[in-house]
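Paired with chain B in one complex and with chain C in the other, chain A is shared by the two complexes that follow.
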Partner chain A sequence: MAKRRADVGTLYRGSPGQWSWLAHRVTGVAIILFLFVHVVDTAVVGWGPEAYERVSSVYHNWFVLLLELGLVAAVLFHALNGLKIMVFDFWPSTVRHMRPISAATTLVFVLAMVPIVWIMGGSVLEKLGWL
Partner chain B sequence: MATPTMERATPLAEPAPRISRERPAGGFELWSWLFMRLSGIVLLFLAVGHVLIMHVMDEGIDRVDFGFVAARWASPFWRTWDWAMLTLALVHGINGLRVIAQDYVRRPGARFAVNASFAILGFVLFVLGTVVVFTFDPSRWGAA
Partner chain C sequence: MATDVGDVLETSDRRRAGASGKVTLTLRIRRYNPELRGEESWWDEFTIQADPNDRLLDALHEVKWHHDGTLALRRSCAHGICGSDAVMVNGRNRLACKVLVRDIAPKATVEPIRGLPVLKDLIVDMEPFFEGYRSVLPYLINDEGEPDRERLQSPEERQRYDDTTKCILCACCTTSCPIFWGDEGYVGPAAIVQAHRFIFDSRDRGARERLQILADKTGVFRCRTTFNCTDACPRGIEVTKAIQEVKREILLDRF
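Then we have the complex of A and B:
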């Protein structure tokens, strides 16, 4: 499709649906890439405690804990945004209220992340010896 | 056809502006569309529950060691949970990658190679995970 003049310099004109579409993809790819690794590291449990301890010790590193916080955020966002997609798909008339529904989804995500960041961020700081 | 209620600054390229989202007309893509939503609902409980239990509550990942896994998998409930999550998450995720590859990998040969690689990887991980979830026996190492 040819670009119209009004489109130049804008990213899809910034509707909330465009941003959540992008975030849904990015979080989805991040989660499946982690899952590929996570299936293998969990499967090591079948090779006994020594092997499992050696592999799972990676998860006690502060930086990996920070990535883990990102993973929890990604799963939560993907789940809530997926729920929003289903509302729009199964009850198409709700698309008219896309803006408030998107805002509500974001609000629920942010509110849920507050205690999670508090808890997981705390253990990152503990690992760093700052707490 | 309903008329759009919102004024638009620029005319839409489509002759008839659509109000609702697109859904595949039929065939495999419709099943894929339906599967993503149904598995999504189940994963909403399995994966979000898993992440909250294993990574957030009670010290999170710090308390997870061999003994923790052994105690957890003593219950068929958690083995079933983990296996169902493994299966659904792999199919959901790899189908998601396939949908993304449709947008970014344009050459049919390359797209087939990408999709086949992820499908094979997913199948290998499914077999590995399934064998471990159902054959894991901590008594071999004298643990509870």
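Then we have the complex of A and C:
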């Protein structure tokens, strides 16, 4: 088989499914990276409550709180998109309604993010002293 | 007053083209010619006058015939049935003979389809694509002996795989798939569409064999339902749906 030439052309402007697939992968990697950190910070409790408290105080930093907001968004998107994929996998006829199903998934994501941003964003602003 | 037939035809042609007649179309074409310029590809721009009801293929012909004869492209029937002029137009896979100038003017970007080795300009090596196609045994398999007359099929049985009979093997779907770009082993959407056409044919007996091939790691489960294939198919085949049906068939076959 001839070798495929690595060539960068213009961006492929695919279906919305291309972008949710990409976002699914990016959020998946982001979540697993957080999990590694989380395993480490939880394991620190083995050195006693003081050590644990010291390490977990990092999570009270405004920037880390902002990252946490991103983490919740990533988990929520990954979960909802995963459910969407399962619907397509188990009921092939639903594939025909990809656009409305994708729109509904996005709507649920946005609606769920409203209170999350309200609550978690509030604590970020509080830490910054802007609230 | 006698009217010449030629005049009538010309007038109706002009009317179809709209009052303005020709439009200006700038084509930005991705070029590649290892014999002249080595491994680097480059962009060329051509500005031409074209009838808005002409196809992109006509515009490419205009470039090749009157501007730059070295432009290489593949086409045969020019009527959307042979499947040889698949190109990437403005970031989407289309048949050059099924895209109208009025839908892309004043400027369009034309590139070779992605994921296959480019040989020259818009011509790619289709062999890896056909390799995937051949691997799914795209022909009738029936070892029950020759029947006395044709193998009968009810309209409902025929309808089951009607959509996937429309494939013209142009590779628009396969080369729109991000998984195919990244994984040389993946058979790709078109091969699965062709497999679907026989798996669900009531006269065929090779379904299990094909399902085994497609259950492999280079098979149907590489699909991540990005829907680029369905969007790209110039024949309007519901490619993703066909792939999902094959996935489900493999799942049910196991239990």
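Note that the second predicted complex is superposed on the first by the 118 of 131 C-alpha atoms of A that agree within 3 Å, B and C clash if a C-alpha of one lies under 4 Å from a C-alpha of the other, contacts with A are read in each partner's own complex, and residues count from 1 in each chain.
Just so it is clear, a residue touches a chain if its C-beta (ideal position, glycine included) is under 8 Å from a C-beta of that chain, and two chains touch if they have at least 3 such contacts.
As the structure is a computational prediction, the values presented were derived from the model and not from experiment.
In the superposed model, more residues of chain A are touched by B than by the other of chain B and chain C. Of the two partner chains, chain C is the only one touched by A:98; chain B is not.
After overlaying the two complexes on the shared chain, residue contacts for A:16 are found with chain C alone; chain B is out of touch. In the superposed model, A:63 makes contact with neither chain B nor chain C. After overlaying the two complexes on the shared chain, residue contacts for A:31 are found with chain B alone; chain C is out of touch.
Contact with chain B, but none with chain C, is seen for A:43 once the two complexes are overlaid on the shared chain. Within the superposed three-chain model, A:120 lies in touch with chain B and out of touch with chain C [touch as defined at top]. With both structures placed on the common chain, the touch criterion links A:86 to chain B but leaves chain C unconnected.
Residues 1, 4, 7, 85, 88-90, 92, 95-96 of chain A contact both chain B in one complex and chain C in the other. Touching chain B in their complex are the following residues of chain A: 1, 4, 6-7, 25, 28-29, 31-32, 35-36, 39-40, 42-43, 45-46, 48-49, 52-53, 56, 59-60, 65, 68, 71-72, 75-76, 79, 82-83, 85-86, 88-90, 92, 95-96, 116, 119-120, 123. The touching residues of chain B, when paired with chain A in their complex, are 5, 9-10, 13, 19-21, 23, 37, 40-41, 43-44, 47-48, 51-52, 55-56, 59-62, 64-67, 69, 86, 89-90, 93-94, 96-97, 100, 121, 125, 128-129, 131-132, 135-136, 140-141, 143. Within the complex formed with chain C, the chain A residues making contact are 1-5, 7, 9-18, 21-22, 85, 88-90, 92-93, 95-96, 98.
Contacts from chain C toward chain A in the complex involve residues 30, 32, 39, 41, 88, 90-92, 109, 111, 114-118, 125, 127-128, 131, 176, 178, 184, 224-228, 230-231, 238, 240-241, 244-245, 247-248.
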